[in-house]
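Heads up: the structure comes next, in structure tokens.
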């Protein structure tokens, strides 16, 4: 039994079958198959939810290693682990009010917004560095970028509306064309990649190396 | 809505052509992987640079940080492509005895991807005969929240100052945080953007960038197996088909018929 | 009247947020670590809560109330995955993981041919000879740009002759597009930052908390840096 | 594209190699200052926003609109001016509004919106369950979106407060075809799912997207899936301007202008430095050859 379960071939067969049971009913209108594919997707989502235990286990083990070794700054890991436990206790009490809500609004949402909005600093310093007319490509990048930036500043439009058609031309043609090109390129790449996975050629993604028997 | 040009009984309306294109592409892959076809592939600098990046880390005695994305939809093709690249990085790291850090997490759906990534890295070290060099602690789980993951990732980069950062797979907006921090600490930065606006920004911030299909094709490109590399030919054929369809469609539409558009929604 | 809870939310939020911003200082520091570990800790708890609720609502209630008995397999397989922590039985987890890979991969790939390929071709087939002059210029540009850029992405054919020319132009067009996209993205990020700041400035009683945190946190980081204490106080990895 | 670091001494060098923290500091100041001291500068409305405004203006009394908050809380900060302005227009046209949420962090947003629009709702006699409803977190994944498009009531049985939706205006809603309009406020979480299962089937859709999604969403406008697109906070400000209710969007526009101009100046200086420094180095080389 264990030999069968260990076999990479069985794993591949299960993978391919699950793929087909989700993929095919999308095209072929047979209610039984469609229902089955929906169930399978839900089952996969439940399996995924269970793996949370593995992730948290590993997180605690890592944190414990730091604390146990008394590595520099171990106190931060101890604090991290405490906060997990604390929040779980809060959640048992209530998930719509009280301390749980406080943590949501005082810690989670501000920190999430920071890491999102901090991108403007990174974009600005990247732009200032990359937009230098070193060669033809960089020059084009610079010209279009500059036009669109100038147009986007809301004040520009009110006093320099002549720029508007050029910027709109760039954003409604080149930008959307690049989006299309990107999607077409990725899609063919993805399907070919998918096929290699199904043919058992991309075994590396299962963690199996060729040398493994 | 445009009326479809044709319908196939038993096939959901509007999905027949998609199915045909899928099946034909799959058959093409099978054909090209049948072996015996010697196909030359243009160099992809971003993929060639991976070896250099790991090599530099080994020389400097510093770690490599590689990630497969936040896997917002679980095992989609971006994540899978990221895992394929991770497998390659893990192999190189294990071979050169370089420490590999793989930040994980970032979404609820990424939970199931984590054990797979762990197995990939563990096996890479096992095969190179250095199982003791692998530690589960080198795949820190940084919660299922996208930006907590980002904060943790950046913290790791700033404290550890790795020699190279190889960030591929299903990264979303946090990719720029990581790429710019990586640039700031002077690491070689290899990235792949999973959508076009991300790619444009990353192209400005990274040393090397994988654009579009270069990431999904990485597994085949990096394997020295000629049959796998031959499958990339199928991608080119489909791009040629798309160009032909666009040109044909434009001419036929200009001539006053929307037959190609109706064909495309069939 | 603003109550104490609202003030504490603003005060702690502004303080931790500014701590997170210290990453811009470019050196690892303990205040950043504080914000980082707070977020990871509480964030992980959220992951735990939402996934347990998902298992309960979809799995357990699905079986007991909605009568979807097939979901029993979801729970069974889920438990099998947990055996990964065991050295001896970790292989048992391979099957459920294969199911997850297969079905999620299938879900991702089944629509992509439409949204990523056929719809994009259809969207590029635009009238070239009818409509306003402006529309015609737009349509010509889009069609040509897509075709030229696609030729840049041929990997298995040597790019010479006409293909070489068109791929070269395609590459240039792509960079021109990237410039426009970069600028648009910059606007998006700028609005996020502005929105974030507005959130801590409206109503005005919040402003002192924001400015106070800015001064205290960045002041502390700069002072610690001058005293060469940043390194000593930052956790090691 | 790695940073080129020329060596040698020249004034231009400082324009090429400077501490990037200077840029960070400038942005902080230029964004913060106009917010502390607000003033209204004139703006221009883009054609996209006008189209969006016209779609909402075309709504009739008792049309059914499905509003989806498909965003994290951070995304809400960017598009809140668009959200408030759009939903205000819906209420003014007395349409029936159902709000669905597609991210945990967005569950609090409907209440924020109702609070801000309380006076409009009162003016047009909005009654919960009859004219509007908050469905809560009903779109956690693509499967839920797909199922709701096929048979709405299999997925949605209760509202956000746990009350049954039977007896509300949703009784008439069967599937994707029951909606006059689907209005998505999105950072891209379920936007593709909504397009696949609603837009592609024929539900008219409009979207208010964050800045980074403008370019990726543009093809959906040209292919007709989106009837109109409102881009980022700037689109929101323009919509505020068109509707005649100034809000957070319009006050933010000064920081916007200054932020953009700063980046442009940094780029210009960077190029001056780059070329100045290069010619300086060439001169040095020429001297060496002599």
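Which chain is which? They are A, B, C and D, in the order written, and residues in each are numbered from 1.
Simple rule for what comes next: contacts are C-beta pairs under 8 Å (C-beta built on N, C-alpha and C of every residue); 3 or more make two chains touch, one makes a residue touch a chain.
This structure is a prediction, so every number in the text was calculated from the model and none was measured.
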Which chains are in contact with both chain B and chain D? A, C
My parser should flag the chain pair with the most contacts; which pair should that be? A-C
Cα centroid separation, chain A vs chain D, in Å, comes to 20
When the centre of a chain is set as the mean of its C-alpha atoms, what distance in Å lies between chain C and chain D? 15
Computed distance of Cα centres, chain B from chain A, in Å: 12
Inter-centroid spacing, chain C versus chain A (mean Cα positions, whole Å): 5
Among all residues of chain C, which ones touch two or more of the remaining chains? 20, 23-24, 26, 33, 35, 39-41, 43-44, 46-47, 50-51, 54, 81, 84, 97, 100-101, 104-105, 107-109, 111-115, 117, 119-124, 126, 142, 146, 150, 153, 177-182, 184-187, 189-190, 192-193, 195-196, 199, 234-236
Touching two or more other chains, which residues of chain D qualify? 1, 3, 20, 24, 27, 72, 74-75, 77, 142, 212-216, 219, 222, 234, 256, 259-260, 263
Going through chain B residue by residue, note those that touch at least 2 other chains and give them in order. 15, 18, 22, 73-74, 77, 80, 105, 108-109, 111-112, 115-116, 141, 143-148, 151, 173, 181, 183-184, 195-197, 199-201, 203-204, 212-213, 217, 232, 235, 238-239, 242
Considering only which chains touch which, label the overall pattern as line, ring, star, complete or other. complete
Chain D-facing residues of chain B, complex: 1, 72-73, 146-147, 172-173, 183-184, 195-198, 203-204, 206-207
Chain A residues touching chain D - in the complex, by the definition given at the top: 38, 41-42, 45, 108-109, 112-113, 116-117, 120-121, 124-125, 127-134, 138, 142, 145-146, 149-150, 152-159, 161, 164, 168, 171-172, 175-176, 178-180, 183
Quick one: in the complex, what on chain D touches chain B? 1-3, 20, 72, 74, 142, 188-189, 202, 212-216
Taking the touch rule as given, give the residues of chain C at its contact with chain B in the complex, in rising order. 20, 23, 26-28, 32-33, 35-36, 39-41, 43-44, 46-47, 50-51, 54, 81, 84, 93, 97, 100-101, 104-105, 107-109, 112-114, 117-122, 124-129, 143, 146-147, 150-151, 153-159, 177-179, 181-182, 184-185, 234-237
Any idea which chain B residues touch chain C in the complex? 15, 17-18, 21-22, 39-42, 44, 73-77, 80, 105, 108-109, 111-112, 115-116, 141-145, 147-148, 151-152, 154-156, 158-160, 181, 184, 196-197, 199-201, 203-204, 212-213, 217, 232-233, 235-236, 238-240, 242-243, 245-247, 249-250, 253-254, 260-261, 264-265
